Structures are given as structure tokens and as C-alpha cells.
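Chain naming follows the written order as A, B and C, and within any one chain the residues start at number 1.
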């Protein structure tokens, strides 16, 4: 019964072309452990939507469900209008994904990595060549075209990984802790690119546990123990709680116990 | 289809990027051939021998000479002191000692049938057994010589009616063990290379995180598997050809039967090894695990394949066990084609069994893999 | 120093125990191998099927065929064989041998006191071929004795077998297995464990912390030493329980020299890890440099003395060669340091050399 109702809602929403991601009571359990516990929210096209939470709050599990990597235990979710349960392949063609783990082949050159992922996404040879040129120019890597990826500095590797995940021109891009281990300057540069991506009309869905990054998001949800405990714009949240920084809001909501995990 | 091509291209790039990998791929079979081809021998030669001659007569000396002139024994010392012999065996100076008793010559002549004592280090039971066989043969030759020189002594022996054997060894007239061992090494190389490349190659992507990146692309799991399987089977075939070339050049052993049959059978066998490789990758989180599971599988597959222990020598229970070992069939097939030129219709039971295993293992592994990455 | 070292050791143990599959294999593999080898390797073949072409068809020739058939080794093909089907019989692997008795067999025996029969043997496996040939000779010997009512030889050889009187292959095999497993675990696990940290990038993390190369190496290596020794003890125990394989000499001496050997093996693993970039390469490198020579060239199965000269040279620089002599002597001969000091000395020499070279190279790679 519940499922029927959820389907109805889903079908209605599917007609709304303005929604990039939507979740209703989305739940994932591993055995007796509930990693994601009935989260519901909508993300509109062109938004930069953040998932803020400590390690183990369920961010990565949620994002893996949206990408079609994990089937949900209960609840519904649509990405770009496609159902995560029944249409994972359609979703995969329309999204980009970059994970906290560096995901390029270190033993291939920069150009070979671009070529490979281009080919995997079904780009034609001329398209790949064209994209490679654009991308190398954009990242200022033209003279590093044939160097092994492993010899690039970490910040560049991450920008390259991001660009590679955009090769097939996805309308939504999922970034799972994209700036882990990077210095603050590189991080700021990285966010400049994220804004550019959003400006071109793409939706950016990003998870983070850095409080300063949370400030950059257009809208964000705070996750704690698998649940969304607060959702809104950074400005709106500050106003609501009368606090000055996201750090304070986070501590206020979650309590002191996770402070050490949520870094400045 | 295009996606598979990109996967294959990527795989080859990764393999050929690494010079040590190429070395491993082509150097390993070479070394294996040289070492295995020469080391695995059932001949026993150069056994370290110590002699104590308490008789010191022409008859005892000629007897000792027979030992020193064959390649089977290697005389390290003539020991005067009978009591010291045990010490030489203890510290490993010799593997066996022969004691010719006092009055050896006199006792033979007077028909008292003396005993020559042989002290044997029995730790390596196989070598010890072979050595006893050599000694018996030498004793027989010596006896024949004594009889020739003194016909009176051998009268009862000469009057006997004796049936002699004239053995003819077909397919390998010189009884060279490498002729038999070496085609088997081709099977081993193929097994080792394809199982490890496949299992570790897949697990490696899991370990470094690129697998997850591939899974969010619209690629199908079957394409992913083919993208791994195709380059590794190509490499497997290259390995076979390289190994066969080495075998021809180094050992002068060519294929007696049909080359195409050999390749066809190899293709069926590769199906099994790739299946095993994929299966191992589904139960391993790290390359280290894959490696150990792979070793585990291989040690028993090789042991029970008849590669260096004839299956006929095993107890019945273990012989039945070998029927579940695909390598057993491939070993037989390779050797038959290599040495006897046996045509397909005589190899049909083995081929069918191997194909059955191949299809079963491969499809089970692929199914499991697809379930796992979902 | 000690606290940092303990931290690394603890971490390595966590790796080992979390990975229960590997642990299970490490522990199960040698025991299974002992069981299989213990039961699988017997040196006598049974049920050698042979075909008969009897052109003589006399009581003498039938008696000869019976002599083969009633012996435990041979079994007759239930029908006579035609000359032109011999090749296909061999190709189908229906027979191992064909006994050809010529037409004038009985006539020769009575007139010339000697007759010749042909044994056509499938020698594609030279080993089996030799076995079959030897057994056939034995059967002929028995036949001849029976026909001539036992004429004694001029003299006999009276063998006395020491250390392993039944020439039991398990006794031969178990000490070798200990040497192999110690090498496998120590060299392979170390090289893989270190390369793994390089490949997954955690090595960098350790390197930025204030640890010495010495500590990293020791911390990585000690847990595997322990694992190896525990494993060796398990092998000895199960071999003793299942097959009565004894340890006649001093256990303490065996333990001490095993430790020396383990350090040699670890140094090998360390050396390989300084060269290899990926685990796959480390695996192939270890396979080539240690495992294969240990199995094939150290005298584990095949006697060194029978090998060509070049391989004998290689065998002489292999640590396993010396350790095998040591462990077999202690276990089966029950001898001690008085007999074994030369091997122990050489083993320690190789160990010192390798460990120094490996740590130096390892430190060089880090800096």
C-alpha cells in the first residue's frame, strides 16, 4: 500500500522537469544497521546542494544510492527523472561522479585517462580528441599530456578527475568528498570550478565534512546518524538559529561528540 | 562493443607501461622452462658413495671399480674404518656406503654366498630405492663377469633356461624425462599467468577505487568482464606461442600432432582458468587475498594433475579426486598432442570433460561477479 | 622507539587477523598438503594394463602371461591384441605395455636355453615408462627363478636403510614442506605487504611520520616471522599426529635455525619490495626468485646431485638447500650442531648479506 502511494508521488514528480534529484523516505539497511534512515528532499536543477555530516553519518551511502550503485532497502528516489531502482543505466548516462578515492588510473597518462573514460561513456573518436584538447587547455595541462597521472600533484589530479567525470556532459554531478586531503588554496580553486559548473546549468550534489565548504553550498542538508536533521540555505540556517557560522550550527545540532571529526 | 575496445586498450596500456611486467610475462616462462625442464628428472645420478673394502682382493677391487665408472655413483671417499661410516651418513657426506666383507673373494670361490653390506640414507625414499636397483644391476654384471672368467663357478646358473626382455620404449625411446615434463610446463604457464592476471587485475581496480568509477558509468557488467577477459586470453595465447618457441629452440621438442588442435584445446582450457580467476576476484577484497587463494588453488591443481606424480601412482580415492581437476585433462591432452600426435577423436572424453568444466566454472564465476558488483 | 615499533606491529597484526581468508589459507594449505602428499605419493604403480600378442601359443608362453597377470602390478587386457592396432591402443591410453611373444619362443628356450620377448612400452611419461620396464624385469626374474627352481647368486647385496627404514615419502616430504611454507609466507607475504602500502598510498602516510626505516621494516616483518614459525610448528605437529613423522633431534636447535632461515627469506621479500611497484610484480618476482627455486632446485623433491651442473651451482647459493639439509638431519637423523655447523654458518652468512643489502636499499628508496 505504502509503495503504491510512493509510486504515485514518484510519477507525479517525474513530470516536473525542474527537479534534478528527489528522495522520499529513502532508506538503506545493511543487516541490522541502518545507514540511511528515511531521508526525503528535492534538489532543483542548477542548484549546488550540499550534504554535511561527520564520517559515518550516511552521506556516502546516500550518494551511492543516487548513482545507482546501491539499491535502496525502502523508499523512493529519482535522479534526472529516472527511478534509481529500475533505471540505473539511464541515470549513469546522465550523471557524473567523482569519489573521495582518487579514481583515475595512475599508470596511464593524462591523455590516456581522458581517452579511456571518453570511450567508456560512448563518445566517438573525434569527440574524444576535441574534448581532450579543450580539457587540457582548460586545466593548463597541455605540456603534461603524456605524463603519467601518478606524477601530478594531488590538487591537479583532483581537478583532472573532476573534468574527466564531466566528459560526457552530464546534467547532474555527484561529488563525494571531492576535496579530501587537499590544501585550502586548492580547495578554493576547486570550488571556483564547481560554481562554473553550476552556472552552466548543471546540478552539483556534493558531500563534505568541511564546514567552510558547507558555506559555499546554495542549499545544504545536515545529516546525523542516517537522518536529515536540518535543511536550508546557509543564510537561512544562520538566521534561524541566530548563529554566525556553519560550525556553530553544526555543533548546536549534533552536539559536541562529533566536533573533532568535523574539521574547520 | 566500442566500450569493450576501450577497456581492452586500457588493459594493454597498463600492462605494457610497466617494463617489469613485460619481463615477468616473458621471462617467467623462459626461466620456468629451463629450470623445470632440467630439474624435474626421475633419473638419479651422482649419488655420493663411500666404500669400505675389508677384502682387498682383485675381485673386490673390480667390484668397486664398477661403481666408480658409472655416472650413477660418485665416490667421495674410501674409508678404512667401518665404525666411521655411520658418521659420514650422519653429517651428509655420503648418501650410501658399501662394505665389502673380509674373505669376499674366498667365500665366492668356495660357494659360500657372501653378503655385501650397503648402508643407505633412506630419507629420500625414491632415490634410495633407485640406488638399490642400480646396485642390484651392478652386482648382476659383476657376477656375470666372474662366471665368464671362471665357468666352473657358474655352472648351475648357465644351465638355467632364461627368458630375456627386449624393451622398446615408444614415443620417447631415450626415456628422457624432459620430453614428458616440458609440454606440461606449457599448461602450468598458461594456468599461472591467466589465473593471476585475471584475479589480481580485477581486485586491483577494486582496491585502488577505479572499479567504483567504472560502475557509475553506463557500462554493462558483461562488458566489464569481457574487457578484462579478452586481453588476458590474448596474453595467454601469446604466452603459449612464446613458450612453444622456447621449447623448440632450447630443447628441440616440436609438436607431433596438430597445432590447431592444440590451440583449440588451449582456448577451452583458458575458459576454465579465466573463470577461476574471476571467481577468485569475487571472493577477495585485496590482491593479497587473491594471490593466496590463487596459490591455494594452483598448488592442489598442479599436485593432482599428474604433472610430476603419475596419477596411476595415487590411491584410488585421490585418483577419483583428480577427475574434478580440469588441469588433469589439459595435461593429458597437451602431452598426447605433443608427443604422440594423437588426433581429436581419441581425446574426446578429456576434451568434453574440460569443456564442461570450462563452461560451468566460467558461467558460475560470471554470474557471481555480476551479482557482487550490483 | 619501542612504542612506534609496537604500533606498526599491532597494525600489521590487525591486517593479518582481519583478513581471515588469507589466514585460513596460510594455516590450512600446509596441513592439506601434508595429507595429500602423505597419501598421494606412493612410489609403486598398480594396475598397469598390458596387452598380449602371443605368437607362440605354448604352455611356456601362457605361463609367462600368467606370471604377469597374477602379479599385483599388472592387469591383462581381456583380449589378444593384433599387431596393427597397437598404435591406436597406445593413443587411446588403453594399455601401458604390450608383451610380444615370438613364434619360436618355446623352441628357443629348449634348444638355446634362452629366449627373447619384446616389451613395447608407452614411454611418453619416461617416469612411468621406467617403472613399467623395471616391474616387467622383476616379473621376468620371478618367472625365470620359478622355471629353474631357484639357483642362488654368487653373492648378495644386503641393504640396511637408515633414518627412514620404510623409505616413506612422507618423512622425506614433511621437512621440505616446512622449508617451503616458511619461504612462501616470509618472502611472499612481506614483499606483498610492503608493496601493498606503496600501491594504496599508505606508505607515504607512514613516511611523513617520524619513524625510521629500520622500524618500518622490523614492524612489518616481525608479525610474519611469528606467523611463519607458528605455521611451521603446526606442520610438524600435524605430520607427527597423522603420519608419525618424528623430530629426533633438538627442537630448540631446530627453532633457532628456522629463525635464521626465516630472516633470510624475509630479506628476500624485502629486497623484492624495493624493486616492485605493484603487488602483481612483487608476486611474480617472489615466485621467480624464491618459490620456484625452493621447490625445484633445493632438493625438496628432486635430488640436487642429479641435476645439470649449472642448476647445481644455483642450488648451492639457495638458502633453502642448506636449510633442507639442516631440518632433515635434525628431524630424521637426530643429529645436532656438531654435524650441522657448516650449513648453519653458510645460512647465517647468506642471511646477514641479504638483510644488510635489503635494508640499505630500502632506506635508499625511502630517502
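Everything that follows uses one rule, which is that contacts are C-beta pairs under 8 Å (C-beta built on N, C-alpha and C of every residue); 3 or more make two chains touch, one makes a residue touch a chain.
Note that the structure is predicted; figures quoted are calculated from it, not measured.
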* If each chain is a dot and touching chains are joined, what shape do you get: line, ring, star, complete or other? -> line
* To do: Could you compare the number of C-beta pairs in contact for A-B with that for B-C and name the larger?
  => B-C
* Taking each chain's centre as its mean C-alpha position, how far apart are chain A and chain B in Å? -> 55
* Whole-Å gap separating chain B and chain C, where each centre is the average of the chain's CA atoms -> 11
* Tell me, which residues of chain B touch at least two other chains? -> 18, 208
* Structure fact -> As the complex stands, chain B meets chain A at residues 2-3, 5-7, 9-10, 13-14, 17-18, 208-210, 212-220, 374
* Which chain A residues qualify as touching chain B in the complex? -> 67-69, 71, 89, 92-93, 95, 97, 99, 101-108, 112, 115-117, 119-122, 148, 165, 174
* Complex interface listing, chain B residues touching chain C -> 18, 20-21, 24, 27-28, 31-32, 35-36, 38-48, 74, 86, 89-92, 95, 104, 107-108, 113-129, 132-133, 135-136, 139-140, 143, 146-147, 153-154, 156-173, 175-177, 179-180, 192, 196-197, 200-201, 204, 207-208, 283-289, 291-293, 295-296, 299-300, 303-304, 308-310, 312-315, 317-318, 332, 335-336, 339-340, 342-343, 346
* Would you tell me which residues of chain C are touching chain B in their complex? => 19, 21-22, 25-26, 28-29, 32-33, 36-37, 39-48, 64, 88, 90-93, 109-110, 113-131, 133-134, 136-137, 140, 143-144, 147-148, 151-169, 171-172, 184, 188-189, 192-193, 196, 199-200, 275-281, 283-285, 287-288, 292-293, 296-297, 301-303, 305-308, 311, 325, 328-329, 332-333, 335, 339-340
